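Below, subunit A partners subunit B and then partners subunit C, in two separate complexes.
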Partner chain A sequence: MNEFFILMKQELVITLIIFILLFIKLSSKQWSNEKVLVLINVLLLLNLAAGFLFPDTGDLFGDMYRTNPLMAFEKNILNLGTLLISLQSYNWLKTHKHVPEFYMLLLSTLLGMFFMISSRHMLMFYLALELSTIPLAAMANFDLEKRRSSEAAFKMIISSAFASGLLLFGISLLYGATGALSFSALGETLRQYSPLHILGFIFVLSGFGFKISAVPFHLWTADVYEGAPVAVTSYLSVISKGAILFVFVTVLSTVFSVYGSSWYFMLYFLSVLTMIIGNLFAIRQQNMKRFLAFSSIAQVGFILIGITGQSLEGNVSVVYFVLVYIFSNLAAFGVISLISAVTGKETIDDYKGLYKTNPLLTWVLALALFSLAGIPPTAGFFGKFFLLLAGAGQGNYILIAIAALNMVISLYYYLRVVKAMFMDPNDHPIETIQADWKPKLALAICVIGLLITGLASGAYQYIYSLFVLN
Partner chain B sequence: MNLLILLIAPLVTALAILPVKGLKQVRAIALAGSLLQLGLTFATLMSFLSERSSGKTNEFLLEQNFAWYRDLNINFHLGVDGISIAMMLLTAFVVVAGVLVSWKMEKMSKEFFFLLIFLSMGAYGFFMALDLFTLFFFLEVAVIPKFLLIGIWGSGKKEYSAMKLALMLMAGSALVLVGLTGLYFYSDFHGTRTFDIVEISSRNIPLGVQQILFPFTFIGFGIFTALFPFHTWVPDGHSSAPTAASMFLAGISMKLGGYGCLRVATWLMPQAAQEYSTIIIVLASIGILYGAFATMMQTDLKYINAYSSVSHTSFVILGIAMLTKTAINGAVLQMISHGLMTALFFAVIGMIYERTHTREVAKLGGLLKVMPFISTVFVIAGLCSLGLPGFSGFVAEMTVFMGSWERIGLLYRIATIAGAASIVVTAVYILRATGKSIMGPVANQEFNGFSDAAWNEKLAAIVLVAGILIMGLAPFLLKDLINPGTEEIMQKIVSSIK
Partner chain C sequence: MSGIPIYQILIVSTALFFIGMYGLFTRRNMITMLMSVELILNSVNINFVVFNKYLYPGQLDGLFFTIFIIAIAAAEAAVGIAIIINLYRNHQSIDVEDASEMKY
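Up next is the complex of A and B:
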């Protein structure tokens, strides 16, 4: 019993917070939004701090659930991201009618992701995946007055259901072929190539492809990102994608490790397609959220290169990149969410001349974009370099050259925004934004994070040591 | 002398600019910072010379090595040889002059000086780096400040030029990146993988790998140094940039490429350098002639200097590709000489433009009567550019020609003759531009009221002219400094042939 509490403490804390929120919602006393928000942010902070205590290794529920320091750290990365998003959306939620519900849904998905990261069994994994996706669709609908928001939610739920279907079909094929569902048993049984195994694998891969929005499974991404509230968009693009990537690495390296040489080529093509299509579509975007949606598709292409490395360094670089990506993307979304909450403006044209009125916000957004583009001294440079380095370990320099040239394309559209902010004249620039200190704090953390995590090697080496320990 | 100081000093200067208010304070800090850099570079030179004379035979001295990403064996490794010290001196001179020239930068002065000083830090880091990752880091650090400097403070079609420059330089670094990752994985065959330049140079990379990686690396760095046909960012970028940024771009930034071609591509992959040398020589010769003839057609002073930069930096590539000791020495000398000369040219053009608000040769004329100091400096820069003995240009170009004459073979002869012939073309366009804009009657009555150079402009010009004259009159100073470095590179090339 004691072991249960220690191993599952991160999940239990989240559950506890959900219950506290439920209690607040149902209590007869009317809580003001601001009080609720302060309380939640404090709770999330405590949750993050608690995540670092007593990292332990162990299995529960007959090998269905496993935790170790690496998984605990991955969950903490997600905790950090959630806290940052919560701080950033302060201005938006302050006037919203359903704050406790929003956080209940948010934390339910987070709980689902935690179980997903820890799952060692296909059923557990599927259950956790559903727990993490269905509340997300409800969250996408949280701009209650906007039609686009409901449209986004609807697209999200349909495409998620479809992806889950594919995944489930793949799992059932694998089960039919091997009679096993736990990761370790599957990994042992899948020794030779048989058509059924490969078919099952392809379906599972497609399911994952949907969730990480790799091309050609990306079509839902841009519409959902554009329609959903900014807080949900940033959650989708950073936290939810990060969690799936963590699991993806685990599944590939435990269940399908034998098929390494064949999924290498699948991921190779997926990655090239994802980078090129993501980049080319990002060039044409006018809406900042759509723009970041396509840019995040392109980023996934880079992450896939790290996974194709199939090495310790490759896996480390994926987790490291997700950490860096959280800082960079949340810095960008933080600025966008502030501007959108205060002025409602979301297109690149609106951002023209931003530097005149909001120099600090402009620098934050510019740094975030540089980090996404992989320009030093921001951490994005290190993240991308290590991903490419891991990919080069396979000796495929064509892939590295394609990726490097994609970095040039991506620089173009990131600089387009920078150019609009710094250089283009505008008669009606966005007025000077007066923000609460909480979103500012979140932005400051992001900026410090994206400067420090690269220049100081601590984060990378910590992740590396966790992988070695694993 | 700890080399880290040379990185910390610019960084502290740049950060110190941020909190202060007002142009006067900002430029005072920037000037103090750049003078400090100059002093520190000389201090580095002195301690380098004293270490060397005390009998240390290591190629690189004053080394600083810190583990950065230990698990990947990436180190923050700094160290200097004669070549890098020469490049650092060039950087220091150009930055001081650049700050002085931008003395009246009213528009967003804080950001301007911040970016300028930040750029200089990137250049120092690049020249001192002995680890390929560190080197690449500093190579890319410089891309964004250049973009912002041109895009915000530039003139003409500045956004277009800024974007073109940023993308082409990024493409260059992308190609370099492929080369570097390859070198990392093939440095592996005894012991661990490494990015350390000295370490890799002592291990022989297999020929088949060199053949793949060398083009990536050389072309990547070549884009930075205007290797034909990847030179197209140069004219637009240089002519749209504000004066100080043009000086930096042409004076230092293009040299990053030349230094990289020499230090990384040629030194680490000598066999491939041999194999590809004919192609590179052909490209460089085309670049020399094309640049020279294209300059003839230009009417804008900045475009004249930008296209002539293409021609002049192609000499650097030609010298490196010839792979003889004299030619490589010449290439390094040409980098320094061109850096000083072109920075001076852009500074003077900036001064003229500030007064007359035109850079069209046809609209200028008789400036000598109105602003004698500026005109004299213009003539000096011009004479240096066309290679008059006594100035640095002559020393450098002569050395390249002598070195390339050492290579026997029809192609090398043709390339050398083509290069030498381009000097005639250079004389034509320089003398024509000088004659039309400086000499003759005053073209516009408005010009009569213009003042000559202010003290800061005079000082900027004097700093650069002093550099040019020292190099032109006492070339042995610089040659003795860089010679051991090139000898080391030559040794590697010669031993790889056997």
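Up next is the complex of A and C:
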């Protein structure tokens, strides 16, 4: 019983917070938005701190659930990202009518992601995946009166339902071929190549492809990112994608490790397509959210290179990149969400001349974009460097060359935004933004994280040691 | 029961899967698209039950999986219909061609 509480502590804390919110919503006393927001931010901070206590290794529920220090660390990364998003969206939520509901949905999806990271059984994995996507579709619809918001939500629920249909069909074929559903048993029985195994694997891979928005399956991403409220967009592009990537790495390296040589070529193909198409579409975007959506598709291409490395270093570099990506993307989305909440402006043309009126925000956004492009002093450079290094371990230098070319292309469109902000004249620039201290604190944490994880080598080594321990 | 060979049932379930996929891509009515997704999930259910019954009669894993899929599909449909109702209030239509503000 004691073991149960210690091993599942992160999930239990989240569940507790959801219940507290439920009672706040149901209580007869009317809570003001400020009060709820302060309370929930304090609770999220406590949740983040509690995640670092008592790291332990163990299995629960007959091998369905497993936790170890690495998984606890991955969950802590997600906790940190959620706290940052919650602080950043303060200005937007302050005037919203449904604050407790928003956080209930947000934390349900986080709970789903935690279970997904810890799952060791296909049934557990499927349930956790659905818990983490169905409430997200409801969250995408949170600007209830906006047409775009509901359109985005519909696109999201249909494509995620279809994706989980594909995934399930693949799982059912694998079940038929092997009679096993737990990851370890599947990994042991999937020894030889049979057509049914490969077909099942392709279906599972396409299901994952939808969720991480790799290119042939990316069509929903840009629309959902553009239509959803900014807080939800940043949550989707950072937290949700990060969690799926963690699980993707686990599934590939435990269940399908035997098929390494065949999924190497599938991922090779996917990552080349993802990088090229993501970058080329990002060039022509005018809306900042849509622009970041395509840039995040392109980033997934780079992450897939790290996974094709099929080595310990490859898996470490994926987790490290997600950590760096959380800081850089949340810094960018933090600035965008502040400007969008105060002025409602979201296109790149509106950002012209931003430096004249908001120098500090401009620097933060520029730094975030440099990190996304991978320019040396920021953490993004090291993230990409480790991914490519892991990919190069396979000896396929064509892939690395294509990736390097794509980094040059991506530099063009990131610098386009920077140029618009610093150099282009504008008769009606965005007025000076008066922000609360909470979004500012979140931006400061992101900037510090960007520089610290880039300059201190400790982070990468720490993740490496966790993987070795695993 | 024992007279029906397994491959016939698998043909039915695979056909159901691709009918659902076809419906999802060609239908223009949102409710029908949701129904097509349900077809896909039901074909998976048939797969699980058949594999469990014919190939691994000693286990219950496949049957359990089916029960969970049915429950999740209901939840998915509930959220989907709620979103469609809200979309109808904003667009006055549930034709996907009308919900096309964001493209490229």
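The rule is short, and it goes like this: the second predicted complex is superposed on the first by the 470 of 470 C-alpha atoms of A that agree within 3 Å, B and C clash if a C-alpha of one lies under 4 Å from a C-alpha of the other, contacts with A are read in each partner's own complex, and residues count from 1 in each chain.
To be clear about the criterion, a residue touches a chain if its C-beta (ideal position, glycine included) is under 8 Å from a C-beta of that chain, and two chains touch if they have at least 3 such contacts.
Everything numeric here is computed off the predicted structure, so don't read it as measured data.
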Touched partner set for A:227, first subunit B, second subunit C, both or neither
second
Partner chain(s) touched by A:168 [first = subunit B, second = subunit C, both, neither]:
second
May I ask you to decide whether A:176 touches subunit B, subunit C, both, or neither, giving the answer as first, second, both or neither?
second
Tell me the contact category for A:392 with respect to subunit B and subunit C: first, second, both or neither.
first
Tell me which partner A:405 touches in the superposition: subunit B (first), subunit C (second), both or neither.
first
Answer with first, second, both or neither: which of subunit B and subunit C does A:147 touch in the superposed model?
second
Show which residues of subunit A lie in contact with subunit C when the two form their complex.
122-123, 126-127, 130, 134-135, 137-138, 141, 144-148, 150-154, 157-158, 161-162, 165-166, 168-169, 171-173, 175-176, 179, 181, 222-223, 226-227, 281, 290
Contacting residues of subunit A [partner subunit B, same complex]
313, 316, 370, 375-377, 381, 385-386, 388-389, 392-393, 395, 397, 400-401, 404-405, 407-408, 411-412, 415, 418-419, 422-424, 457, 460-461, 464
Partner subunit A, residues of subunit C touching it in the complex:
17, 20-21, 24, 30, 33-34, 37, 40-41, 43-44, 47-48, 50-51, 55-56, 59, 61-62, 64-65, 68-69, 72, 75-76, 79-80, 82-84, 86-87, 90-91, 96, 99-104
Which residues of subunit B touch subunit A in their complex?
68-72, 133, 136-138, 140-141, 143-144, 147-148, 151-152, 158-159, 162-163, 166-167, 170-171, 174-175, 177-178, 181-182, 184-185, 212, 216
